[in-house]
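Once you scroll down, you'll see the structures, which are given as structure tokens.
Two complexes follow with subunit A in common, the first pairing it with subunit B and the second with subunit C.
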Partner chain A sequence: MTMRTPQQTTEEILDLAAAQFKVPRESLSPDDDFFKKLGIDSLQALSLLTRLEQHFNVELPDYELQGVTDFRTLAERIQSRL
Partner chain B sequence: MIDLDQHSSLGSALREALDTFANETCLIEADRDRERTRLTYSDFNHMALPLARALQDAEFRPNDRCAIIMTNQSKWLISAYALLYTGGVLVPLDYKLTAGEHLELLAHSKAKFLIIEYHLWRAITQHPEFANHKVKIVLVTEAPPTADLKGGFRWEEFRRKGDPNFINRKRDDWACIVYSSGTGGRPKGCVLTHNNYLEQCKSLTAWYPFWPGVRYLSILPTNHAIDFMVGFIGPFVCGACVVHLRTLRPEFVRDAFVRYKITYVSLVPLVLKNLERGIRGNFENLSPSKRFILDRLISLNKLLTRKRPNVPLSRNLLPQVHKAFGCELLALITGGAFIEPSTMQFFYDLGIPVANGYGLTEGGTALTLNDLKPFRADTVGKPLPGVELRILNPDADGIGEVAAKSATVMSHYLDDPELTAETIVDGWLLTGDLGRFEGTGHLQLFGRKKNMIVTEGGKNIYPEDIESAFEGIEIKEHCIFAANFIWPQKELGKEMLVLVLHPDLNQEVTTTILDDISARNRRLPDFKRVGGYLVWDKDFPRTASMKIKRNELAEQIRTSVESSAVKAL
Partner chain C sequence: MHSYKGNAISWELANGVIELALHREPCNELGTKSLDEFEKFLAALPDMEEHAHALIIHSELSSGFSAGADLREIYFSTQGMEKQAAAAHVRQLLERVHHVMNTLDACPLTTIAAVHSVTFGGGLELALTCDMIIADKTARFCFPELRLGLIPGFGGIPRLKRDLGNAVVRDLLLTGRSFNVTKAQQIGLVSQVVAEGHALRVARGTAAQLTKFDRGAAAEAKKFIKPIPYDELRREIDIFCELFALPATERGLKKFVESNDAQPYLP
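On to the complex of A and B.
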């Protein structure tokens, strides 16, 4: 499998988040606060994490989400495990 | 259950329990669908005692303080028992706080030892203030083999052969220092004694007993008063089993009910609502005929359980619902924050009783609890045995501040005699919550007198603690309030923080300023964020030492503007 660039990872996360929470893809950008932008709570954020794990084929402990609120930082956390 | 009256300390009570129930399972730890650990009381003892010995050899003395910062797991409880065995004082800290907040509370509590999970320790070591910490010995759990622990020791290797010396404590000695809030402004370290815990344990188990074979699913953080009591002390002194999950993903939590045949679980409103949403979603997907039958069965169950629950009957009437919860569930325990009565009623009508209660760390674990005779979703239950409650200065509707007198009320706030004197007056704990007693003896809550909010996740947020996050904005003065403190609503739920901005004369609150405020707000953990702002055109009233007179300012705002003047952030 070819390595993804951090930009690709971020874009893919935005695509998946938009699909999962049914918001227009173009309304999301990397520095958005995903709790606010997607209107989700912390449990729904954890279920997003599950979806991302399946997509990127990595296992992310719950604590990887601690203190993370924007897509870009989330992408960095995932990128470091790819 | 062992006889708690025979014991003067938690260490001594747990010690007897570990002997009495040696062959019963006490802990199961699962990560997703993998089971990681299963321990009997005897195994637990054999893991804790070498740790206790090593602590004593490292000069951990009776009354020394040791902080624990860990997610819910077996090592939390093993460490806690080892510390109580050696006569230590536990400082359970919330693992969800930031590294800076952890350092602040470690300093405030004067913890000499620290037991912490690796990823949390790593965050602390990267903090600019790390070099200034005064903790003498740090034990780090689950560190990767090559990790640099920056002076910490591996928990798994920190053990010594030989019997440790059991150090008993007296009833009035300190058992724990629990922070009910507390960072930024004024840390509130509640000093709870062995007597507080032993008496609380007695009263709670009188209404909701545990026994060998009961399985309690531990989801609320163990540092929280509820899980510490209901997910550790309570089940242990009764020989029951605690199940820990290393993930809180809803799908794995749901599976755990079935896989481990859970008897009790404590949940915060957020999780309870999430469960409700899931079940309602499943109901929606049923065919119209199945849905018709289900609705009839729910109505029948409602009718048959209106005076008191009858879980075996409900299991027969609604087997599919109960199967999804493992068929052994006796009650959902909730508390710590406001819960919609409709959510509780939803579960009760399905034959899953909700034991909701009311309490605050300062008062132990719980002051009131629903005894389900009958279930009252619109109240927080009745005072637990040994708890005396009083309504201070009731208004025409009988609503006033709730005050409590009970053996479970904390000793004092750590190093804060002034705050202690304001909070415990003539032996009565002033809760700051507004309530009223029903003719049936049930307590109803109507809001808060104090300037704070409790989130759906059960966290206490004090506005003063968040103000520093907005230090440096291009505004003359700012101040944060709980909206309900300015405009009392006499109801709970939908709690929000409001940022009051006082710009210079003729200064406009520009979008640049608002963007800066929004960006700062986003950097706060989600549960601490401000919901809206209000522009105020007068100087804030201040004391001689320049502290904002919050009560006076709130009063001025209340009499000049409506809550609709608050703009969303």
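On to the complex of A and C.
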């Protein structure tokens, strides 16, 4: 399988987040604060993390997400585990 | 009492299986109300055991199996108390919780936790009393207590050590990180992983299989393979109470319970 580019990873995260929290995909962009944009709390963020780990087949300890609030940085963290 | 509908939990015995459902909003936080009802369940259990092979514990809430101890209740119930009185109050609460957890752990029925989504702290500790954990793909596990300056106080460390060995326990305990069901199965915490929303159905199928076997033999096998670490459980209560009395813990709890932050469960 070919390696995903960071942009692909970001796009896939946006797709998954939009589907999970039932928001229009076009309303999300990489630099959005996902807590604010999706209106989610920390438990819901962990539920998103669970889906992302399964989708990308990675394990991402939640402490690596400390201070991460935007999709682009989240994608970078995941990309570093692919 | 073969069926009961409470505010925090409900149970029903049917076809040789007891199903205990958790349903206290928002995410089955375990406080004194839940504890009262669990104690009612324990009182009803000996009579039901005569007619059952298995006990399934599950949550009816989509938010998850359980977010663990009701920290807000613990914190606010000790505010304004003298230090010694607060410590005694917490110890009494833990003694009651341990009695419930130890009785579930030693229950002669085969016990199954069917879990999904949030299975944190005391919720994970409740699941750990069971003989098997069946988890759907949304399940996530965590011992976040160290973030507050505490250790898990509902029997989590001794039971996790019994089931998994010390190295994994140290990682989970000392980092306080959460992990998904894939990891949980890799380390041997979860015995079956199922599709989202199917944990209870699979648990029922597993319980039905158990009814084919001799109950006495199953109870003996369980006693043999699953000793209860009573000494370590006692020590856990002591350590929890010592840590609870520290100013740093009070600060950590205060920050947590008063938080309007969207991220109290993130490190």
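To be clear about the criterion, the second predicted complex is superposed on the first by the 82 of 82 C-alpha atoms of A that agree within 3 Å, B and C clash if a C-alpha of one lies under 4 Å from a C-alpha of the other, contacts with A are read in each partner's own complex, and residues count from 1 in each chain.
Quick note on the criterion: a residue touches a chain if its C-beta (ideal position, glycine included) is under 8 Å from a C-beta of that chain, and two chains touch if they have at least 3 such contacts.
In this text the structure is predicted, and so the values were computed from the model without any measurement.
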Touching partner for A:54 - first (subunit B), second (subunit C), both, neither: second
Partner chain(s) touched by A:65 [first = subunit B, second = subunit C, both, neither]: second
Which superposed partner A:41 touches (first subunit B, second subunit C, both, neither): both
Overlapping contact positions on subunit A, where the subunit C interface meets the subunit B interface: 35, 41-43, 46-47, 49-50, 61-63, 66
Parts of subunit B lying in touch with subunit A, wherever the complex brings them together: 71, 96, 98, 119-120, 246-251, 270-271, 274, 456-457, 522-523, 525-526
Contact set on subunit A toward subunit C in their complex: 35, 40-43, 45-47, 49-51, 53-54, 59, 61-63, 65-66
Complex contacts: residues of subunit C adjacent to subunit A: 27, 63-64, 67, 117-118, 137-140, 142, 175-183, 261-267
Subunit B-facing residues of subunit A, complex: 33, 35-36, 41-43, 46-47, 49-50, 61-63, 66-67, 69-70
